[in-house]
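So, here's a batch of structures to check.
Both of the next two complexes hold chain A, though its partner changes from chain B to chain C.
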Partner chain A sequence: MAEEVKPARPPADPNSAKYKLEQIVRKHYREVQEAKERGEKIGWCASNFPQEIFQTLGIKVCYPENQAAAIAARGGGQRLCEIAESEGYSNDICAYARISLAYSKVKEAPEQDMPLPDFVLCCNNICNCMIKWYENLAKTLNIPMIFIDIPFNPDYTVSDAQVEYVKAQFLDAIRQLEEITGKKWSEERFREVMAISNRTSRAWLEATSYCRYKPSPLNGFDLLNHMAVAVCARGTVEAAEAFETLVEEYKKAVAEGSSTFRGEQKHRIMFEGIACWPHLRTTFTALKNRGINMVATIYADAFGFIYDDFDGLIRAYCNVPNAINLELARDRRIKIAKDTGAEGILVHVNRSCKLWSGFMNEMSRQIGETCEIPVTSFDGDQADPRNFSAAQYETRVQALAEIMEANKGGI
Partner chain B sequence: MAVQELLNKFHDIAANPGKQMEAYLKAGKRVVLCAPVYTPEEIVHAMGAVPMGAWGADTELQLSKKYFPAFICSIMQSILELGIKGTYDGASAIIIPSLCDSLKCLGENWKYAVPDITFIPMVHPQNRAGEAGRAFTKAGYQRVIKTLEKLFATTYDDAALWGSIRIYNEHNAVMREVSALLAEHPEISACARSDIFKSAMFMLKEEHTALVKDLIEALKRSPAGETKVKVLISGIIADSHSLNSIFDDLGIQIVADDVAAQSRQYRTDAPEAETALDSLVLKFSGMGNCSLLFDVDKKRADLIVKTAQETGARGVIVILTKFCDPEEFDYVIIKSRCEEAGLPVTLVEVDRQMVNYEQARTIIETFKDMI
Partner chain C sequence: MVTLGIDIGSTTSKCALLKDGAEIIATSLYSGGIGTDSPGKALAEVFSSSGYTINEVACSTVTGYGRGSFKGADYQVSELSCHALGGRLIFPKLRTLIDVGGQDAKVILLSESGKMINFLMNDKCAAGTGRFLEVMANVLQLKVGDLEAVAAKSEKPAKISSTCTVFAESEVISQLAGSVPIPDIVAGICESVAARTAALAKRVGVVEQVCMSGGVALNGGVRKALEEALEVEIAFSPLSQLFGAIGAALFAYNKIQAQ
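Coming up: the complex of A and B.
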């Protein structure tokens, strides 16, 4: 679910949030590499695995989902997907998984390298595909897999039984990691990490909430870039500070009436799903040309983990977007759409992601009805460039723009 | 009864689930649909209803398209299609586990697509063997019980569950026995073998056990036919008549299976425990060797190899349901494990809307010539 795209341009003002955020991602990859070189055991980690565990233990990990997104955005998606396919993986499998499994075989990708893991940390609160992907990594690399099972919750609220189940696994994961790495758990450090994570999450959520202003001070696609930091560095002070800087910048932009979205913001939409990384420019340009800014995405919420205590932490991880039922997922989106004044919804029917796309039709229908806004979808894929048609995308976006225009009494 | 007569019976039931359901409803029974893969059928049975397997059908998809995108497996699509079309009308509820991503989506869509048949979620833990996993399984079962109690206005009785567990354990045993016995009888066609397994989904297990026992007796009395080429099949379902006919046409005998709708259902019994519900919990925590159950060591691949070797299968045919990602991931490991063991393996992709089996035939034919 998580991803990151680094622009190739040289970084700008070192005091800017953009610069700081870019540096965090760079540092993140560098630190894992250095830890590996020092002989420390490092892991590969699922985007929504409770990061508090390894942050507290001082263990370095990197994120295959971020890596796959970066590889896809820089043009390597198809190459790696094809390597996986030659190994026998079906081209219907999630492209992140295919890219990652291919990387674990070829062990290098100029688009984004990452050290090989000594263990994998899996959490299926975003999908069960994750379990299979990490099982195969663990099996083929012959390394341990630590797995916190957070089942999809068919109910509106998280049951105590689920909290107990996840809690026990959380503690078990700590024990397993202590054994593998020789590092020791510290309650004091855990409290610190929780505090920092909350601070980062609050700043992230505040920054994303600036989308509600008209015009929005940010180009919504910016969030897709910044999210990598929310994923990989949530438990670090640098991340908290960088997001706080971002908040300051947005505050200033609102006061000045400026925005990182270039041009007039004629329409405001909710974008549903993961970005099409291999076609980011095409997907963005079609929107921008029509003055459409993305002001709402459930992604913004996805990495805002706010909690008061250990139980709250567990509940937060049980409540991530892909782990919740249709009604809760719908209501959260309705709130976001209303708060930001979204005038239409553009749904990415993502060939890679069965869970995200499997009940999206019904859910977006309900959201559209409740908010009285049009819903349009297009077929794509977050990382396999072959599953996207620019022509279809153009047509759909145009249709959405026309309805939004008509709703405003235009045309 | 003679073997053929019994096989006709199995076929009739396997081919007419609607007739079965109607008969049960007419007899005043309630029917609860059980979606793949591991629903706690014993609970439904203990509460006086007939658990009926709902694994979809080979039918054209129209109505399900409103809910599912095209890249969701045809089992999920066709269950929803049948639900919307009214084929399941009369059933009181459907229990849908969420062991794969597509199953999660079936449950969510079901609530809106088929509102008249109550959706009962069954959430299984993946870390199922430990104490926390067992407690969570129990909570899941209790939730199913509570919904059924409300729906049927009855109360759950642990003693009744013991009765059902015994029936299910016995059924498991006869299914294992018949599967082993069929391996010694090449004259029983792949189509007939499929019917024997498939019919179990649409009958009360005590009735199916009785029928299977008759078959076992009849088979023991009848001489084994001419030897065919022995294979093991693996996958989620393998009930297509067109597919099984290919095996029969080519003189291939299925001597064992690792199919979710077939033998995977019958490997694990509910053991002794303090209460019947605990026994059922232990049954689930003891399950494994399945693409839908967390299996970091991929013991499933080892089991496939071991079973093939024990039954004298000369090759493994993976029957992959298109868009089934749990199986797609496992295939790569199964393939390499089989190759390591010198066991030929091939892949046949199928789905429930398939009309043209020519490609499947070619693959299987080539494979037969190779082994």
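Coming up: the complex of A and C.
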């Protein structure tokens, strides 16, 4: 039997947002590698560490979370998790942490390499496991760790005291980085970076808001790819322009009634939790085959930082989804679910992420009740492929689709 | 009109023939689920015992974990929807269905009109499922079907606290080594399954009438422990293991009616 020949993909349009966004990620890794080769000090950075600091200083960093997701999505998660486990790390620890710690030992991964750091930048507004993870990186690589402590906020608003507490650390982080890298802080450049970051965030949030249209002009899983740029290049003009291009494309798609989601969009859901990167195709295909599009995700908000001034910047970083209490987190999601017309919620109970999954049972129950939509959960992991059952996922998604169908009067 | 339901589970295969969406003409059940020849045997038996032929079937639905690999049915539906439909046919006032099968446990909430409105399933761990009971029965050299009668003789149920099947197995072995009477160990095992299932049910919110389906429903020891844990009466039907197949046949009937 003759082998099936797949048609070659047409080359990407260099003016398209997809192309621009892909190039930004490539450039990001290339630039940090080139900086390292020039002898500059480069860092590894937590995804919600205030990027305005190192953008202003002109310091290149890369992101272990992005790297771990890329490694997991390309099939290397288990190999690196097992290396970490053989070093004595428990398999109960976050798989991003295990992959990153393993990488710091083996120093190469064909799925996604990045240069070793001269310092690490840690911020615990995304999770507290990160503190120990980065401490271990700093200790084993014998490099400094700069840490900004943003405590979990039990209140609905960010207090002035919290702003002062975080601001002092922000200023101290600048001082430490000046000492480590020899680069100098410029207030003028800082104002410029804040303006660019706001521009990028506004474009990112506008692009993601197009999910509200019926049909949505985008396949919700596209956001999972684009998010990498929102994380690693928020303070660059290229990122702002690429997201603005994306907005234009979505605007045009709405006018034309087209979408990057292939096939009929029968159902609209909110996807809650980090993507199950090792099984992205399985998790996506089960949805796509049933005409289910992801139109709502807190990810959009997670990397859209809008602020007017320095205090506002600090407040934005205190307000990221994993640093806020259940009630505020719930209300934000309810707004997203209502704005986008989500008809069901699919919750990834992510073994790696104790923080997110810990409050998810109760939060998703409250969101489901308020929005009067069904909630389904599945077990998985953001990067360790061993914690997922495809058959169980398939059953739950099918049952969710059947409830949504019945809610529309179908059988 | 005759419709057919096929339920291929992880440990058993079941079929049901339904007349006009109401009357159960015949059922069949074989040990062995997905990946075995049991689905074929169950299918052959439901026709041989009823006298009907495949050509007389107006519509068919396949459900269960093996639904994706079975070719030839008109529809493929999740076992959650099918158990809900089958349960409601047997118990018309049913609102909460607790299905404990070979490898998972599900709690399904129905609206007053019988529509599935929400559900919750266990995590992928086998504790609290039929597989857990099988492993424990094996350690005690008992048959799964004997567990109920043995548990009834218990005076002081042992505490089986592990949530992991493997750990629970070593816990049972320790109890045996400590000369704990077997009926007390078996009652403890039933209570352990009931406790995990009750926690799941409470998260969904239990609304009466409640019934159990799946193979574990046949175990009166687990049913009794679950009734005590949830403080509700749990309706039982000897057809409980066939709710999925019956519901699948009813789904097929409803589809024809809707056309």
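Please note the rule applied: the second predicted complex is superposed on the first by the 400 of 411 C-alpha atoms of A that agree within 3 Å, B and C clash if a C-alpha of one lies under 4 Å from a C-alpha of the other, contacts with A are read in each partner's own complex, and residues count from 1 in each chain.
Quick note on the criterion: a contact is a pair of C-beta atoms (placed from the backbone, for glycine too) under 8 Å apart; a residue touches a chain by one contact, two chains touch by 3 or more.
This is a predicted model, so every value here is computed, not measured.
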Which of chain B and chain C A:359 touches, first, second, both or neither: first
Partner chain in contact with A:390 - chain B first, chain C second, else both or neither: neither
Which superposed partner A:399 touches (first chain B, second chain C, both, neither): second
First, second, both or neither for A:374, with chain B first and chain C second: second
Chain B versus chain C as contact partner of A:280, first or second or both or neither: neither
First, second, both or neither for A:127, with chain B first and chain C second: first
Most chain A residues touched (candidates chain B, chain C): B
Which superposed partner A:143 touches (first chain B, second chain C, both, neither): neither
Contacts of A:159 with chain B and chain C, given as first, second, both or neither: first
Contact residues of chain A, present in both the chain B and the chain C interface: 349, 361
Chain B residues touching chain A - in the complex, by the definition given at the top: 66-69, 71-72, 98-102, 104-109, 111-113, 121, 123-127, 130-133, 135-136, 139-140, 291, 294-298, 320, 322-323, 325-326, 328-333, 335
List of chain A residues in touch with chain C within their complex: 349, 361, 365, 368, 374-377, 379, 389, 391-392, 394-396, 398-399, 402-403, 406, 411
Chain A to chain B touching residues, read off their complex: 87-90, 92-94, 97, 124, 127-129, 131-133, 135-136, 138-140, 145, 147, 149, 151-155, 159, 161-162, 164-165, 167-169, 172, 325-326, 349, 351, 354-355, 357-363
Contacting residues of chain C [partner chain A, same complex]: 65, 68, 77-81, 104, 115-121, 123-124, 203, 251, 254-255, 258
